[in-house]
Amino acid sequence: MQAFLKGAGVGKPLKDKGPAGPSADKKPKTVPWVEKYRPKCVDEVAFQEEVVAVLKKSLEGADLPNLLFYGPPGTGKTSTILAAARELYGPELYRQRVLELNASDERGIQVVREKVKTFAQLTVAGTRPDGKLCPPFKIIILDEADSMTAPAQAALRRTMEKESRTTRFCLICNYISRIIEPLTSRCSKFRFKPLANRIQEERLLEICEKENLKYTRESIEALVQVSEGDLRKAITFLQCAARLNMDKEITDRAIVEIAGVVPSKMIEGLLQTCFKGTFERLEVTVRNLVNDGYAATQILSQLHESIIESDLKDKDKSIITEKMAVVSKCLSDGADEYLQMLSLCSVIMQRAAQS
Amino acid sequence: MSLWVDKYRPTSLGKLDYHKEQATQLKNLVQCGDFPHLLVYGPSGAGKKTRIMCLLRELYGAGVEKLRIEHHTIVAPSKKKIEINTIASNYHLEVNPSDAGNQDRVVIQELIKTVAQSQQIQSSTQREFKVVILTEVDRLTKDAQHALRRTMEKYMSTCRLILCSTSTSKVIGPIRSRCLAVRVPLPSTEEVCSVLTSVCKKEGLNLPPELAKQISEKSGRNLRKALLMCEACRVQQYPFSADQEVPETDWEVYLRETANAIVSQQNPQRLLEVRARLYELLTHCIPPEIIMKGLVKELLSNCDGQLKAEVAHMAAYYEHRLQLGSKAIYHLEAFTAKFMAIYKKFMEDGLDAMMF
Amino acid sequence: MDPLPEGSRTAASSVKRWVDPSFSELSAQSSDPFLWSKTDTKNPKKRKGGAFSCQRLESDQGGQDESWVDRYSPQSQAELAVHKKKVEDVQTWMNAHRSKGGILVLTGPSGSGKTATVRVLSQELGLKVQEWTNPSNVEPYSSWQNADWRIDGLTYSSQVTQFREFLLRAYKYGCLSMAGDGGAAGKKLILVEDFPNQFSRQPSSLHDLLRRFVRIARCPLVFVVSESVSGDGSVRSLFPREIQEELHINCISFNPVAPTSMMKVLGSISAQEAVKSGGRTSVPGQAELEALCSGSAGDIRSAINSLQFLCLLGSSGNSGVSRTKKDRPASGRRGASRSNQKTKKTKTVKDQEEERAIGGKDAALFLFRALGKILHCKRGGHTEVPSPALPPHLLHHCREDLLVEPEVVVERSHVSAEMFNLYLHQNYLDFFSEVEDVERASEYLSDADLLAADWTNRIILRDYSSSVAVRGILHSNSHQVSVGFRPLHKPAWLQVSTKHRENCLAARHLFRDFCLPAACLQVELLPYLAKLTNPMRNHTQITFIQEVGQMSLRKHPSRVKLETLTDKETAPEEEEEKEDRGLVEGQDQSEEALTASQPKPTLSRALLEDEEVSIEEYSSD
């Protein structure tokens, strides 16, 4: 599901924003910060040294292999390739040389055949209009490649080989297991790690400075924690918080609220009731959580974390997590949140009582 | 004369009675000009719709309160006609797409397309977009939700969506990530109390604080229910007395009696009677999952300790089946039978323990 | 120009036209394009509906070709195999309405003698039967010998228009003939067996037509509606209760022909045949007749056809017919195996096959009996201990051998798996004594529902689902005590869920200006509205609130309102449960296909009228 987070920010704004000048006369549109603070060059890409090294070599004139970027959302996969492409071609050539397709576009087998093929068949020169050298190939970026159907991927395979002289592909996905083997073997694979908290914090602070935001130290920490290594999510949350709290300080509470995360105090309270309380109290606690509108799936994932970290015996933990899996499935089938949570918590309670 | 719930519904963000901080935040959102798609979620009776209408008023002014009910007929690609009612003003359109059953995808796409493409006639309107409110988004099919994702992006320039849902659990990730999520919790018991008191004051009634407290507790923090209860109290007896009995709905009483019947005796004949009662509830428009939840609540209060946990498991198990299955009665009855069996065993064990 | 008066005229002059042709006679089929166009309707079996025609075909020339159904159609009331009371009912009505307008609807399973009764009675009362058959647009072109009948208007005007013309003109014609001939000879009765298809889609158009008819008509109109497994004519949709009351439509429901009457008829036919053929045909024995009788499920037409077929086999031992069946079973053995039909234990698959080969319908088992077999859960005696012993911890699952094969019972009941489960669910509690057993049985039912819930796999899984339900109930009934006779009931769920759906829809429509989600509306608003005195509602809303918002707490809903399964007066619930939302993922065509493929609940009326068959009787031998 997180694979789709990408589509939100990336695909569209890029199209109407364009590379530079010509669109400047449009009336000032509020650009999502995710776009605004996207790295402009490869050097700015945070935390992904291996890829950056390869791309830099290519910028210096070496050939570029077909690329396959994979990793959790918000780690800079799209940003990296976009930045590299911009550096390679410069703003003018960029439009001609780069084709970007993401899951929001229709991307059936037909599209792969027609659109990709026609684009790939254009031949290109090895120089830029401004006289600088540029690589004699085009780049096709297939964002969210893991949501492509297997037949579409298979169709891609042939195109990829045939056009290898003039075209480089960059496939981006969250789960490499969903890309068919023949494709992965044709690409050099790069794994994008979740961003370290420190790096994220740096970036966020930088944005806060530039946007003149009032913030607390804790809010940034909360942001980092809530986003779980997903920088895009963190920036989006930050922007939302800024919108909602104009001219006011952004607090960690606001961040937690926007993220829809259950405050850790409440999760703790719930666990305490499970460990020590009575069933009646548990009923009340769960009922209150649901009444406060917290999503059961969210409670579930946070409980999961707490249970893993708790000092229960391994056997108890495994029984509880197994129940969690069941509950998660039931929830996705549309079962009632209160009853499911109650059932889960009573399992935790039972295990806690026995140990 | 309208119901108190409608009569005293706040109409502007400033007048909202609780979650005031959130109200100011929403105000900010309107002012900053860059209005995102919203996902408003919270339990039933928390005031989501009220909040949304206030927000619209803030966006467009009093014009949004001129509502009309429109009847649309949409022809699906399969040539099937879908009839759907919408509530609209000049600036917005509200629709409950789940009314269209499994054709909800078509409804969403068609309606949003129509709204997004129709130009606003008045030049005076301060917004360049219209708003489409989709209620009960959690009941949309996955198909419709995925379609919504694309539609949202496509018409972003002329149209904003406000999605209204009881929980985000059933809303797919891509939609959640495209919206600014606004959580509306139920008001606290105290907040319900104060709303009740102020409404009664406006009606020129004197509501004893004890009664207010009693109502708000009985309502389970559901403000709509609390107001309806309060109004029913008024019909029942005025002047209010502090220890007045708060009228419950017939089906709740009926359900409690059903639960008592289950607890008092456990045999196939009793189950047959319970089944007849369940049928009775169903014919009175009570959805099966609500029957199940109500039954669980009553039964839980009738048993103790270890048994409760077991009942909770069973309830979760059969409620899940209720959602998946096609005929609710099987699962309701299986739950009842299961409860009877374990309750009977529990009582017998208890009796044996007493003997020794 | 319209062919109708013409048709009537010829009908009057050559009565023979009124005789239904046998289904094998091709010449008769095409002899009259207008009146007999029915032959190419999709249901050839139904075609035989008129077999008990008012005129016996005297000719012996038909000989072997002629179907016995035609040859031995009843000529007088005494010959009718229908229960006397029903015949009297119809007769009374006819007497009362013979010279004024009036509408009668006869319902009943196919082959229960509805048409025959009408024909015999109208003959006795001196009424001419004028019958409507659906015209077919293809017919006029193919029936070359009647070219003069081909009139352009016929092919182009719709069936409905023609039907209207027919009804109204038939009436006019009646007047004219009275003027001409005078006396009762011209009196007529209009018989409609075949409805223009349009009416099943739009019953209201039929209703309008009937209203007009009632206003002007002077002759009785009889509708004959067969309720069959495939159930094309639904009385309830064509003649809803309001219409019945409004137009004073009488409704008489026929039952399957009782075995005793059927035996009488079969016996007399076979005797006559034997005399006539002079030994050419072998006369089936009493046992075989009985088997035919029980196999035909009260369908006398099918029974006679089977009889003819049986005799045919016997008479031409090595003719073409028997070649299709390689070794014709000795009739003695067949009879023996058939008489054993009820104890399935001894019956081999082969026997069943044979049985089916002879009497088309005899594989069917009445729902009543099928349910009985499952619910009474007869098991073998203690002597037949299964060979592999269960390990100690599973011993409580040990059961004796079943006397029935559950899947076969379900299959033979001719009811869809879902429907069978519903019937089981409705009735199983009466047969259980321990709540622990009920617990497991109900869980199996819940499992079964879950199995068949997923729309995409339903076709495959529904058999498993019914298997789980049936075997689950059989297995979990561990403390089976002989409960004696218990009445069986029709599933209340169908009504309940329909009502639930209707009420929810109504609620949404009536109170849509509250703009509330459905659940809030039903659970919170309506019940409280019932408690408030709010004068802003219109009449329908108030009625609805009183009906739905309030619940009479003291009322003890019990099984009083349940329809017993053997109840004969009311038609069985035929409404298909609509597919639940979400299970059918927007694929209309498949949805339709699905509903169509689900057979309607079969007629569950057992042969209980003349013989009191108690539910245990199936194991009587």
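Going by the order they are written in, the chains are A, B and C; count residues from 1 in each one.
Here is the rule we go by: contacts are C-beta pairs under 8 Å (C-beta built on N, C-alpha and C of every residue); 3 or more make two chains touch, one makes a residue touch a chain.
Note that the structure is predicted; figures quoted are calculated from it, not measured.
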Problem set entry | Most central chain, judged by mean C-alpha position against the global CA mean | B
Exercise. Among the chains, which has its CA centre at the largest distance from subunit B's?
Worked result: C
Exercise. When the centre of a chain is set as the mean of its C-alpha atoms, what distance in Å lies between subunit A and subunit B?
Worked result: 32
Seminar exercise, completed: Taking each chain's mean CA coordinate, subunit A and subunit C are separated, in whole Å, by 62
Exercise. In whole angstrom, how far does the Cα centroid of subunit B sit from the Cα centroid of subunit C?
Worked result: 45
For this session: Spell out, as numbers or ranges, the residues of subunit A touching 2 or more other chains.
Result: none
Problem set entry | Residue numbers of subunit B (touch at least two other chains) | 324
For this session: Spell out the part of subunit B that touches subunit C in their complex, as residue ranges.
Result: 1-3, 6, 44-45, 49, 69, 76, 78, 80, 85, 87, 94, 96, 99, 101-103, 105, 135-136, 141, 143, 222, 224-225, 228-229, 231-232, 235-236, 247, 249-254, 257, 266-269, 271-273, 275-277, 279-287, 290, 318, 321, 324-327, 329-331, 333-334, 336-338, 340-341, 344-345
Exercise. Subunit B touches which residues of subunit C in the complex?
Worked result: 418, 422, 425, 429-430, 432-436, 438-439, 441-443, 445-446, 448-450, 452-454, 492-493, 496-497, 499-500, 503-504, 507-508, 512-515, 517-520, 522-528, 530-536, 548-551, 553, 556-559, 577, 579-586, 588-589
Problem set entry | Sites on subunit A touched by subunit B in the complex | 1-2, 4-5, 7-8, 11-12, 30, 104, 233, 236, 240, 243-246, 257-258, 260, 279, 283, 290-298, 327, 330-340, 342-343, 346-347, 349-350
Problem set entry | Complex contact set, residues of subunit B against subunit A | 25-26, 28-29, 31-34, 36, 41-43, 46, 149-150, 153, 156, 167-170, 172-174, 176-178, 180-181, 183-186, 220-221, 289, 292-293, 296, 300, 305, 308-309, 312-313, 315-317, 319-320, 323-324
